[in-house]
Amino acid sequence: MATTVSEIDGSGKNVNKLGLKKSDYKGSPTTLCQGCGHNSISSQIMAALFELSIKPEKIVKLSGIGCSSKSPTYFLNRSHGFNSLHGRMPSIATGSALANRSIKLIGVSGDGDTASIGIGQFIHLVRRNVPMVYIVENNGVYGLTKGQFSATADKGQVLRKIGVNPFMPVDVCMEALIANCGFVARSFAGDPKQLKQLLKAALSFQGTAVLDIISPCVTFNNRGESTKSYAWGKAHEYPLHDVTWVPMRDEIEIEYQPGEVTEVDMHDGSTLLFKKLEQEYDPTDRMEALKMLEETCCGGVLVTGLIFISEEQPPLPEIEEMVDTPLVHLTEKELRPSRDSLEQVMEAYR
Amino acid sequence: MAESKASVREKTDTKKDKETIVNDFSMVVATVNGSGSQTSNLAIIRSLFRMGIPVSGKNLFPSNIQGLPTWFTIRVSSEGHTARRENNEILVAMNPTTFSEDLRDLGSEGVCFYDDRFKITEERPDVTFYPMPVRELVKEINPPTDLRDYIANMAYVGIVAEMLGIDMDEIRGALETHFMGKQSAVDLNMRTIQAASSSAEENLIKQDSYYLERSDQTHDLLLIDGNTASALGAIYGGVSFAAWYPITPASSLADALEQYLPQLRMDEETGKATYVVIQAEDELAAIGMAVGAGWAGARAMTSTSGPGISLMAEFAGLAFFAEIPIVVSDVQRMGPSTGLPTRTSQGDILFVRFLGHGDTNQVMLLPGSIAECFEFGWQAFDLAERLQTPIFVLSDLDLGMNLWMSEKFAYPSQSFDRGKILAAEDLDRIGKFSRYQDVDGDGITYRTLPGTDHPLAAYFTRGTGHDENAIYSEKPDDWEMNIERIWRKLETAREMLPRPVIQHTKDAHIGLIGYGSTDPAIQEALDRLNTKNISADYLRIRAVPFVHEIETFIREHDVVYVIEMNTDGQMYKLLQLEVPDQAEKLHSLTHNNGLPLSAHWVVEAVLDREGG
Amino acid sequence: MAESKASVREKTDTKKDKETIVNDFSMVVATVNGSGSQTSNLAIIRSLFRMGIPVSGKNLFPSNIQGLPTWFTIRVSSEGHTARRENNEILVAMNPTTFSEDLRDLGSEGVCFYDDRFKITEERPDVTFYPMPVRELVKEINPPTDLRDYIANMAYVGIVAEMLGIDMDEIRGALETHFMGKQSAVDLNMRTIQAASSSAEENLIKQDSYYLERSDQTHDLLLIDGNTASALGAIYGGVSFAAWYPITPASSLADALEQYLPQLRMDEETGKATYVVIQAEDELAAIGMAVGAGWAGARAMTSTSGPGISLMAEFAGLAFFAEIPIVVSDVQRMGPSTGLPTRTSQGDILFVRFLGHGDTNQVMLLPGSIAECFEFGWQAFDLAERLQTPIFVLSDLDLGMNLWMSEKFAYPSQSFDRGKILAAEDLDRIGKFSRYQDVDGDGITYRTLPGTDHPLAAYFTRGTGHDENAIYSEKPDDWEMNIERIWRKLETAREMLPRPVIQHTKDAHIGLIGYGSTDPAIQEALDRLNTKNISADYLRIRAVPFVHEIETFIREHDVVYVIEMNTDGQMYKLLQLEVPDQAEKLHSLTHNNGLPLSAHWVVEAVLDREGG
Amino acid sequence: MATTVSEIDGSGKNVNKLGLKKSDYKGSPTTLCQGCGHNSISSQIMAALFELSIKPEKIVKLSGIGCSSKSPTYFLNRSHGFNSLHGRMPSIATGSALANRSIKLIGVSGDGDTASIGIGQFIHLVRRNVPMVYIVENNGVYGLTKGQFSATADKGQVLRKIGVNPFMPVDVCMEALIANCGFVARSFAGDPKQLKQLLKAALSFQGTAVLDIISPCVTFNNRGESTKSYAWGKAHEYPLHDVTWVPMRDEIEIEYQPGEVTEVDMHDGSTLLFKKLEQEYDPTDRMEALKMLEETCCGGVLVTGLIFISEEQPPLPEIEEMVDTPLVHLTEKELRPSRDSLEQVMEAYR
């Protein structure tokens, strides 16, 4: 890879382009269980932002309720955050994103939070293309309430106390895709390398970027036969491609054979490189994405990678033709129409 | 066109016995909904208003789109009373299915305009009947088929105008306003109206006593509905974010936002919007978006009615506890449950006051007039940001959707109050920041906005228990301290909220308390009670929690009637709780059948209690 | 194993000065959550219970899965008191992070068992310290790595047992119950406990005054939590439909349903279920499903806590207004908003009472003991079907999740009351059916169930305004008549609901009113007040709307303290509204920091007011 | 077709096998607008049930809130009905269906009711396979609240007062399909013949049968360019096949060439015949269904017919292993365990 985002500053410490240290991206100590997948994801979020040299103050962290939704406490202490209501992060995100176009939203949710109680708000958020990174830390259970099945639990899955799940899982990626999402990815907390690249790509995306990350719950759903366990994920991960995010076109330095790598240009000037692995997969083809998800759903593999990308649909603030200045920065002068205008309005009611 | 009135006048002379009644009646137009009668009724009421005559208009419509009965009532009152009257003196009968019933309900000695195809089945010898040749008139105009019903409705405008004396020029003016200058539409309508008027002139002989005469009582007034006023208030309050979900009777508030914002709030250079309005997928999302935007620093609002309020409970509690400024307009309709979507009530007072599980106390504003809809519309944002709490503005269907006269709206008297916000510079200066620390002792703490470019700015908002630094805490002391501070803030709030409006009469020993849309009925009742030698003072509540004047008022009177439109006596209950030692003085008078309050009802209810 | 106790006894003799305290102390075990200490604590408390000693157990746990501090408190009281004590005499310190704090909080002259690896940093010369060689013991047992923490916790069971005198046989018995006979698990645990006990016998010298002695006070009692009792109550009430969504502290109620229904409610022939329990996608769906099932004729329920109640508001209003029987269990936790999910409160009283926009008055049952959790569990269905309205059963985290002694549950004393249901035969006989006609004058009308095979059976349920035949109506009279009938029904309800429990003392001029989980604290406070020559009567409310006895009680006393665990004094407010002319007599004493009420707090609060 | 379900009884009146007349299936007079698509659908519901000789008392009508949701008032006065809350009919249905297995549920909802506020409950109802016919009377607008866009409005659609809709529509059939629905059909209020066949098929289906019926709102969304208008529907309807429902296998009397008609056997003994039209379409192939929906979404046609059918997934009462007797018919004897059992339970707490 071309970019070495972290450099050595005068003091001999690792800093990024902003001169910020890794510790500037830290959160409070985690109170999640040791080994919880959610913690790995937090690490990659911190790493990606550090490497991208995004100022923590420009980030806003949002979440619903759950172990996953607690995790924004554990990264980016210098970012504002909002641990909202169970299943309702999408609406909070929509409001915040529109109120302030200049902030970058990272939402963290769980499978219960998004696919059970929150599926409605999720779908409508995606439809509106609210600019944000939407992470689902998917462990197939309700962690925080001690291990009930969520809507992403596999059919036939067994949990000790609860028994067998008789229902088909909700596929978060499929839901996102048919809600017209322009960035749909699946990853695995046990594959930090890919995860970080996908996070960077998601942060470059102008609309809603959905990341469905299998994130094992070591306390309630980590037995080997569960498709949401570390062991199963490690054994069955099937990456669609080797994905690399490159900040600028001209920084691409990877050597490759013609046909081996596909490039997708992003709206913000960055580029995504997809290196072919076992099979051909075109992440810009919706139909192919649909087919792949349908074929591999309930199959024996954990398909990961960027499933679909398209920046065709403008992000919500553009759709709404809003001023470039963040609404929250507008002053009374801009927000309160003149005295004369009021007189004029009233004329129609005389 | 002063002749037409004059000609009516002349005809009167042929009538004997009956006294002439000028500018004082209530007229009901019975039509079928979806038939376009709204334009006709607006033409009538607006032209009266333009003639300087005090009017008010109420639309009693079904929860339906097309084909069911609708009644539009226009009250004309030289004394300026605008409340609902229980009897109407004039009926314009355009709906065959309700004709008998409408006729039966007509006040004694009333006047009945009716489509001449209807058969009169009620014995009403006291009534003056004016048959209207609707079919012929429509034939004469010969409009396209899909406009037939509409034109039929225009016909009665002309006939009523002729017989009661509405100025044709004012009708034209009203139509011009209505069609925003679209001349072809105005012409088609005027043609019909004129034809109808001529027909009446030729064929009908004035036999009733009701007359309209130009006056000067509406000078500098507006004729407008409350929802539009609320929306304009919000716009002049700088609303930058609104999310809503369609629901009667609140939709027209959002409609008015969508109508006026593009005119009033486009960036001049770029032509882009300095606001955003989102039609959400439901009310949970609507308030969630507003909370997100309010948290981020926008002036954020949502508007809804009963069922939407129920769905907003969880977010209302979050906003209260995490101290996020938002404005929620509740245009009340009749509940419980889906209830009567097109009928008015004041039934959400208790529910909104405690909206959200756990201990939640919401702040409510209660506009009692159109001008207050506007005024509270902008003040609500100042209060929300100053107090960092949701502000619920409760009006109702009657105030929100019906047509009222109003003083002109006063341009906001004070600049934005954004409350306690710390910018990066402030943080530099102070060198520390605790989101929930009561620095000033008023219970209101400082906040920073997301994106503030300062390493100290960030904090983590949560609906869970937290300490002064917004960090999760289960410590009993942290919980208590935080809650006590919030309750201290609620005390601070009291004196910031709109004070009640109090009217004193000499030697009154009884007091009336009301709020919201019942004001006109109570005002009129006061006058009437006075004529019966019952003098009462009157206090109109404009906000909850209560300011001290309310307690004083109760203490000053021997007996206090709390008048409201709900079943439970909800405000009465809140008042009982406010002054327990005076609770016995308070009496609840409740009216709750979906119709707006009338002065008659108030008078009877008070007389009943006073043994009058 | 009576020797072990005897041996402790002997050692005592070596100690002088201190008086012997038997079966009377409060012990707190400080551990880390997720470490498996629950089994240890249960083993201790259950073995005490089996020794015939009155106990109660409270788990103070964080909203977290693993790694944060947890405290389990066991109160032992020869007098049978079970409320929270503010001080603990005995500390079992297993959590290094809270050790200092825990030690600081230990009552004077207390006893501290601690992991011998901890450093004592607090100066507590008054305390008796017993170091526990936890590491060595674990080494000796040598369990698999993932059981190390667990075994460490078993170690303190043995040491505490030895030093205080818990019967080893009873511990074994308790473990056998716990592991449902799984001998290998019992053995592993007993091995650890015995090793620990021997170590203590060898190395520790009894220096404190606290002793446990076999008694006979728990004969015929149960040791159980309220949620299990509620679930069993529902099962014996014939619940056939339950829908729920996980939420602390209500989840264990549904867990208990899922645990017991398969045992108790399988069809014998087919082995199929005579019930269904659905984990819904959220609380809106959970209550919606219950409403659908209740409407269809099932005995339907849902259980939740605060945030769920907020989400249920709209359906609660529908069920109230359309008159559909359902049971909603609200195991209250600390709010507003997400609040403190693992802390107790009684903060939903006002919100639930008025749950739903418009005028809504919900019926609430308030169990004050485990036996009442069971009793109201089945009665709620009878009441819901009799009254055709939602019945809200409000307990709280303390009652629901903690361990209490209880009388044995009385098998339901009466047969199912399915209320007024008309079957096809009835319709044949009567020949007509109006869903909302008040045939009997009690406000309760007859219903038919969907699927009833009779052409007259059908009606159309709706949340909109309706006439007696359930047909949509906007008529003012229909609305009023229907609402008046529903309010008449609420009057009928009063006298059907559980009456308050009243305790009279001679010559008491003051009265205490409480409800729910605060009963033990108030009972204990009454005793203590008595010793201070303050005698008070006590009334415990068990349902809202109120029965007349409550008014009488208030009238009979000069001053009445309403004791509750919320900020607003919510029941106090409802009582003020009930007897406005007595409102001044009422005084609100509220405690709301997440911890259960203590007798000490009550005594102080009353003394403070009484100037005692 | 083989079955003539209505016969002439002695009195010379048209009656069905139960001896019931068409009027026994009537509702109250409609208060919907003249020409509203919803009224046509009501007619077909009445016709289908009459012809199927299903006793009205065995039917339960459920709905949410909206013009569409009012329509159950206008058919089957002899059936119990429940006009519930906006977007929440699915939960009411789930409860009712489980409480009484012996009733047949017909749910009528609108596009706002199902796809906007109700999408979450809808998806979860479908996942659970609640036995019912779920009809979406899809007009792309909120009728009852006077013509705002719903979530199924086409992108780019214009409504006079409201302006242009910038969002992609929610495709009810696609949502049902990926929620694992075993019966997904689309029809058109302007095609009563097909609609009736599909209704009969849906009534034979053992799980959740979803019918997305384009049902023009003549008052707010019937201008020719709207894909939810009569004119557009008539001009652009593209039936996947000619579908016929036949009560029993042996009653099939249609003459057909081999390969021209496909048969699908239903769990209740009835059979569906699919006569090929222009193109080959296999309604038992999920992937084909997905592909077809993806290809024709926002295309220029109104594809109608049975999009997907499979009775693989058992209905919810079976999944939950409930007794055959409807729960509501169980008596105290069956519902209240014995006195002894209580003693036994309590033993564990001593």
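The letters A, B, C and D name the chains in turn, as written, and every chain counts its residues from 1.
Keep in mind that, in the parts below, a contact is a pair of C-beta atoms (placed from the backbone, for glycine too) under 8 Å apart; a residue touches a chain by one contact, two chains touch by 3 or more.
Computed from a prediction, not measured in an experiment: that's the story for all the values here.
J.: Pick the pair with more C-beta contacts: A-C or C-D?
T.: C-D
J.: Please name the chain that ends up farthest from chain A once chain centres are defined by their CA atoms averaged.
T.: If we average the C-alpha coordinates per chain, B ends up farthest from chain A.
J.: Let me have the rounded angstrom distance from the C-alpha centre of chain A over to the C-alpha centre of chain C, please.
T.: Those two chain centres are 41 Å apart.
J.: How many angstrom between the C-alpha centroids of chain D and chain C?
T.: Whole-Å distance between the two chain centres: 44.
J.: Taking the mean of the CA coordinates per chain, how far is chain A from chain D in Å?
T.: 36
J.: Among all residues of chain D, which ones touch two or more of the remaining chains?
T.: Only 85, 116-117, 119-121, 124, 128, 151 qualify.
J.: Of all the residues in chain B, which ones touch at least 2 other chains?
T.: 63, 281-282, 307, 314, 318, 337-338, 462-464
J.: Where on chain D does chain A make contact in their complex?
T.: Residue list for chain D touching chain A: 116-121, 123-124, 127-128, 151, 166-168, 170-171, 174-175, 178-180, 286-287, 290-291, 294-295, 313, 319.
J.: Going by the contact rule set out above, which residues of chain A touch chain C in the complex?
T.: Counting only chain A, the residues touching chain C are 31-34, 65, 67, 85-87, 116-117, 119, 142-146, 148-149, 151, 161, 219.
J.: Give the list of chain B residues in touch with chain A in this complex.
T.: 50, 177, 221-224, 228, 232, 235-241, 243, 260, 263-265, 267, 270, 272-276, 278, 280-282, 284-300, 314-315, 318, 408-409, 411-412, 415-416, 448-455, 457-464, 471-472
J.: Hey, which residues of chain C end up touching chain B in the complex?
T.: The touching residues are 62-63, 306-307, 309-311, 313-314, 317-318, 320-322, 334-343, 345, 347-348, 350-352, 354-361, 462-465, 474, 476-477, 479-480, 483, 487, 566-568, 570, 573, 576-577, 580-581, 583-584, 586, 592-595.
J.: Which part of chain D faces chain C closely enough to touch in the complex?
T.: Of all residues in chain D, those touching chain C are 28, 55-58, 60-62, 72-73, 76-85, 88, 90-100, 102-103, 120-121, 124, 128, 317, 320-324, 326-328, 330, 332, 334-337, 339, 341-342, 345-346, 348-350.
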